[in-house]
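Mind looking over this structure? Questions follow.
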Amino acid sequence: MIFEDGERIVFAGDSVTDMGSLNPVGEGHWNNIEHLGRSYVRVIENLLITCYPERKIRVTNSGVSGNTSRDLLERFDRDVVGLNPDWVSICIGINDVWRQFDAPELTEKHVYIEEYEKNVRIMIEKVCGKVKGIFILSPYMMEPQKGDWMRARIDEYVAVCKRLSEEYGCTFVNFQALYDKLLSVRYSAEVSWDRIHPNQIGATLMAREFLSKCGFDFNR
Amino acid sequence: MIFEDGERIVFAGDSVTDMGSLNPVGEGHWNNIEHLGRSYVRVIENLLITCYPERKIRVTNSGVSGNTSRDLLERFDRDVVGLNPDWVSICIGINDVWRQFDAPELTEKHVYIEEYEKNVRIMIEKVCGKVKGIFILSPYMMEPQKGDWMRARIDEYVAVCKRLSEEYGCTFVNFQALYDKLLSVRYSAEVSWDRIHPNQIGATLMAREFLSKCGFDFNR
Amino acid sequence: MIFEDGERIVFAGDSVTDMGSLNPVGEGHWNNIEHLGRSYVRVIENLLITCYPERKIRVTNSGVSGNTSRDLLERFDRDVVGLNPDWVSICIGINDVWRQFDAPELTEKHVYIEEYEKNVRIMIEKVCGKVKGIFILSPYMMEPQKGDWMRARIDEYVAVCKRLSEEYGCTFVNFQALYDKLLSVRYSAEVSWDRIHPNQIGATLMAREFLSKCGFDFNR
Amino acid sequence: MIFEDGERIVFAGDSVTDMGSLNPVGEGHWNNIEHLGRSYVRVIENLLITCYPERKIRVTNSGVSGNTSRDLLERFDRDVVGLNPDWVSICIGINDVWRQFDAPELTEKHVYIEEYEKNVRIMIEKVCGKVKGIFILSPYMMEPQKGDWMRARIDEYVAVCKRLSEEYGCTFVNFQALYDKLLSVRYSAEVSWDRIHPNQIGATLMAREFLSKCGFDFNR
Amino acid sequence: MIFEDGERIVFAGDSVTDMGSLNPVGEGHWNNIEHLGRSYVRVIENLLITCYPERKIRVTNSGVSGNTSRDLLERFDRDVVGLNPDWVSICIGINDVWRQFDAPELTEKHVYIEEYEKNVRIMIEKVCGKVKGIFILSPYMMEPQKGDWMRARIDEYVAVCKRLSEEYGCTFVNFQALYDKLLSVRYSAEVSWDRIHPNQIGATLMAREFLSKCGFDFNR
Amino acid sequence: MIFEDGERIVFAGDSVTDMGSLNPVGEGHWNNIEHLGRSYVRVIENLLITCYPERKIRVTNSGVSGNTSRDLLERFDRDVVGLNPDWVSICIGINDVWRQFDAPELTEKHVYIEEYEKNVRIMIEKVCGKVKGIFILSPYMMEPQKGDWMRARIDEYVAVCKRLSEEYGCTFVNFQALYDKLLSVRYSAEVSWDRIHPNQIGATLMAREFLSKCGFDFNR
Amino acid sequence: MIFEDGERIVFAGDSVTDMGSLNPVGEGHWNNIEHLGRSYVRVIENLLITCYPERKIRVTNSGVSGNTSRDLLERFDRDVVGLNPDWVSICIGINDVWRQFDAPELTEKHVYIEEYEKNVRIMIEKVCGKVKGIFILSPYMMEPQKGDWMRARIDEYVAVCKRLSEEYGCTFVNFQALYDKLLSVRYSAEVSWDRIHPNQIGATLMAREFLSKCGFDFNR
Amino acid sequence: MIFEDGERIVFAGDSVTDMGSLNPVGEGHWNNIEHLGRSYVRVIENLLITCYPERKIRVTNSGVSGNTSRDLLERFDRDVVGLNPDWVSICIGINDVWRQFDAPELTEKHVYIEEYEKNVRIMIEKVCGKVKGIFILSPYMMEPQKGDWMRARIDEYVAVCKRLSEEYGCTFVNFQALYDKLLSVRYSAEVSWDRIHPNQIGATLMAREFLSKCGFDFNR
């Protein structure tokens, strides 16, 4: 398993990463220390300690609800780089797209694909070479119908993530593909109220997908 | 306009009809009388008094959140028939379908199409001939992709509503067709969080559709 | 209909405009974006999207409870001009008068008619020529008895609004006349608790009156 | 002063009498005993103890918000007669009239003048001859314009109170005349939000009027 | 009656004056303007408007809970002098004494009699000659036993008030004598929980005493 | 020390005994078991476990706020006898007296001395001979002035307690004498807000007094 | 994996099983259906759907905080047998032991080992032969020191579980052994506040242990 | 008894000292002065006034929850030295150790033994010679098993306290030894939920231990 004893992973993102964590940055196993929230980050820590209890891996939640890539970039130095992580995970872009659809008149809140690519690229470059590895977690929508307008747009942003991951040698985690597979046998309402925010089932699904890229062994 | 001075309309339904109204039955223009909620029923009363202030039309909200057709049938005598309405509106079926998709293991909460048809038929027969008119408001989903599993199922229930309306001479209000038209130019997230519960924009849209079947004149 | 796709309307005013909107400025269709409140502004947006869904019109609520014309003038640059509106609506003056009657000893809170005229004039001049149109919405009281002291005073302020509208070519919306007509067949207690703040029925009535000046077609 | 040491006065009524008192019956000087509310009843007790501290007079608030004469009659045996009062005060009728104006469609909540007269008459007869004195406190509206529809209706109910008081030898307290006099120099908004429920100023005005019928001396 | 139309009275004091008023300064007849609290100041305004409705007298509550004469002096310029009163009332000293008894170890919170006299004197001199009249309302304790330690100390502070009133020609209102008289027929627990803070009965008693020095006529 | 391992003490009383305990009966060391409150009973348990940790003594709080001896007698079988105590403590009578002074008009709430004696006698006889010992804890008032009306009345009830204790061989704990001694050097306001309900200092004082009758050794 | 499509598992227990679930019985994937809580039961469902999405397995939480085996037995027919489970899991006994240590005087709340064995045996026999399998989940304490009094007692109850499991062919899940292993490398405070109630890390650990007995494959 | 009339004791510490006191510094007998919390400091004041009522000893709680010795040192000048105490008590170190065990990855929150010794030494030197006496209250854990990892670490910190006390002539209060003795006959769960924070029983135990070093006589 790639995470070694004493290493720190910082998970940057939006509400999908945040889910009740202390803002802007939260961590710690128990509530009275610093809060980790209840997103996939929480599940990843649960599984790491369950399966690798002898390794002390510091898991930090740097997700803030409502963030677009523009918002995350603005705080990236303070909330990610400044924490001296060994590993960095970035999961951003859903709000970049969502605002285009739920608030079409508020155009100053939209982040279009060119800016998105630029923002993510800058974030990658800020940590590239300084950390042991970078994870790019794709935006997604729990909407299997490709004809859905927002889903179609999300796909374009996912493609940006994939391309940048390849360009910079990041580990690419394709949450959209993950949910597509789930939704071939389950209906989205079992996992999410709004086809974006997952319940604990979705958080577990995402955590497993992340860990599957890390040489994680559930049965050790 | 078909509603005359002194008449009473009772709107039966689920959360889409209820939306904060007093349970099981609420009415009245102001909060300290009896609560009408903030669904399309509220907007219908707003528009009736705005455009026909000289007619005193009693608008009663008999919607209860979470109701399936089975639940509504159980309370139909008390909450609809017992109120001696001149007009009856029934908008039911969303939860009959929804539970099949968001709680597939809880099968005792599912109401399949045969039972749904039977339930709606009994309700119609309980008031048919006793009132001046019956409105059947179709279930719907703010999901324009016909390939969506739940949308496809909803369509079958809409068809039942249409068939029963024709059989019994009820006024059929097709909310599914209404939303399909809206969603050809607007994205669902502008109107609903979960593709079912409308905000005030959706409530207004539904109220206008209802009134369009009633000879309502906005400009008088 | 005069409002075109991509245009922005800013509604400035007091509690009658505000009614729960985000202060000082709120907008957006859904609660988690920016709050539009539940006044006639909310109903105008509901009706615009219902009847003209293909046009993206940005509706902004710049009402703040308790504002007199003096208060509004003070924040007019920031909360109206600074938003670059295409259309501006001003509905102010009720508190200018009300404080004279409910707090007669607190004279520093009274805004008498000369200052009122001056304040509204300055506001008009700040946007005149820069926007496609200005709406002056008159103050009002849901009190049909002309002998009522406060109603008599309100009438003087309404006259100022009418005169300034003519002078500057603004669209004048006479809410006082509107309510006088309603109150010839309905009692004020059905629409308002204190003869000023309308419930949803009153908000709808006011929204229809506003839209009737805009070439709005309910039935398209 | 007519109230002697050891006597008990029970004040029956609606929200104007209730104003936060314990329901259905409240009394006692301090909050942890039994609650007297903050209506004119509270002020009467304040003034009685201030000016006649040596007399122990038991003041009981039997007002319940929203009560019509029909509602009060229903609980009159339990909440008035059953308390063995020496003096009884009845202030009822505002809601009998109000519902006709703020809820015109909810006709089952209206109490028209014939029933009102009958209800008050029965109440008087239930205590007449058993107590030292009965006070009939008229309904009222803080609306000096006689042309106001509800005010005009109230006047008819006031006349019933006056007539019954004369017929049965009750002390008649004319709150409507009292407020008419006040409103010749003050505007209603200083005393009430809705022209019915008084603030502490109105409660004091009403208490003084009541006590002026009782040989009360403020300066002793 | 000494207060003329258009005049302003400012009541400075501690919790006995404050009792829920807006801090540091509150006024206005109704809750949504500025809050007057529920102390004797509230009752004075109630009685002034009840008996002299044609005079517009501005009543301002400048009481702050917990204030000693040292605290009041510190804010006297801002909260009393700066309001341009026509009349000033000062009721201070209870906390100067109380802290000596309920917090004997916290000596920095004690205000002994020399400082008290100096503080009150400075306050008087700040307004003397600038206003139409000054009222000195004595501290008090609802404790009729002169042997009580705190009561004995209060008596010394009352004497200071009396002496200063005479020296500067202020109107002296002796609340201690007032309560002594009441407590000859009533037990303190009917009026106060802690022998200091009065309920509405006590507030009324104190208001009447104040007004008795002002040529106030209850029966006009 | 008289309480042996395995024995149970039940403390019956009013708010002075209750002070936040579970009603009608509470016990247990920690909050999630059963609540003991924060009165002298709590302090007694604290001291027993601190000084005699090897003895498991069950301490039960059977105090209910507002109880008079009449109220306590009514529930004595259920809340004291029915718990099979080894020792019983009764502290009642304050409310019997208090209501005579803070609610003089509500005579049905007064418990005069003859009834008080009868009530306490019956309680004693219900457990006398069945338990190892009975403690009679006197009512009291933190009022050292014997001229105080309520204090004088309390003294009469204390005398009843003393007399009954002697008659039945109960252990008499004189809380009045205890507080008289404290108040010779400390002012009541340091221990109580209303001269009845003690803070933790008073609760400790009372607990020590109780334990001083039990052969309790603080220093073992 | 042993759980087939369409089967139902009912998890009976105390607070360790309950952890916020709807009482007495809760289930469903999303909050507005029926609540599953956040214990190991929640994690088991998360993992089942994550890894076996195509199987619809109904997971029911029948845990109630504070239950001893005596309490659970009392409701076992209604809350377990009556639900017609295919599989039953029983995790009980911690409170049987805990009360002996945190409330030693409240002996009626203790469930000693003989009764515990009898209670669990009866529960097993109620479902044995009717279900496809029974899981006995041992009580535990996150206390690795065998000299700890409560840990020592827990060990005896664990032994009962093991023996009964063997006798009846139940699947035995040894949570005590599980935690002993974890605590050889981690300190208890990372997982629990009180050495009993686990955080999400502990819940995950327990879920994995349970699933390891079920042929569960994390990587499929 | 060593504390004389007029002296002040300041208790510095963490949550064990704080327990609800006003932060950073609280004192006073009654809630509305300044809050003392409910830790052993509260019990010490209770016992001092109970047994030595004629001495006015000022007891100040300078405990802040979560403080390590590093945090306390940072505020020591302001919250201890600046209060001019006659006596100083320091109880610190639990969080220095605890964070090493409940948050092993958050190393910047750990205070290891060298720094701890340095921090406590500086604090002692800041007051040594300026006050009449210094108390060093040892950290502790209610864990009698010496093999417990955290207990073992605590023991090292206790030893530092003991050594420094001897070096500087401070009074050493060994809370660890105190709890070890208690836990030889009682189980920790009776006194604490988490083996650190005591309930009122523990607070009393600690207060007695402290006072036993002060020549305190419970029976005087």
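Every chain is named by a letter (A, B, C, D, E, F, G and H) in the order it is written, and numbering of its residues begins at 1.
Assume contacts are C-beta pairs under 8 Å (C-beta built on N, C-alpha and C of every residue); 3 or more make two chains touch, one makes a residue touch a chain.
Not measured: the values here are computed from a predicted model.
J.: Just to be sure I understand: going only through chains that touch, what's the smallest number of steps from chain A to chain E?
T.: So the least number of steps between the two chains is 2.
J.: What is the distance in Å between the mean C-alpha positions of chain A and chain C?
T.: So the centroids are 45 Å from each other.
J.: Determine the centre-to-centre distance between chain E and chain F, using the mean Cα coordinates as centres, and give it in whole Å.
T.: From the centre of chain E to the centre of chain F is 40 Å.
J.: What is the distance, in whole Å, between the centres of chain C and chain F, each centre taken as the mean of its C-alpha atoms?
T.: Centres of chain C and chain F (C-alpha means) sit 66 Å apart.
J.: Distance from the CA centroid of chain B to that of chain F, rounded to the nearest Å?
T.: Taking the mean C-alpha position of each chain, the two centres sit 63 Å apart.
J.: Indicate the residues of chain E shared as contacts by at least two other chains.
T.: Residue numbers touching two or more other chains: 29-30, 102-104, 189-190, 193.
J.: What is the complete set of touching chain pairs?
T.: A-B, A-C, A-G, A-H, B-C, B-D, B-G, C-D, C-E, D-E, D-F, E-F, E-H, F-G, F-H, G-H
J.: Sort out for me which residues of chain D touch chain E in the complex.
T.: For this pair, the touching residues of chain D are 29-31, 38, 42-43, 45-47, 49-51, 53-54, 182, 185-186, 189-191, 193, 199-201, 203-205, 208, 212, 218-219.
J.: Give every residue of chain G touching chain B within the complex, in rising order.
T.: Its residues touching chain B are 8, 27-30, 33-34, 56-58.
J.: Mind listing the chain E positions that touch chain F in their complex?
T.: 98, 101-104, 145, 147-150, 187, 189-190, 193-195
J.: Which part of chain A faces chain C closely enough to touch in the complex?
T.: Where chain A meets chain C, its residues are 102-106.
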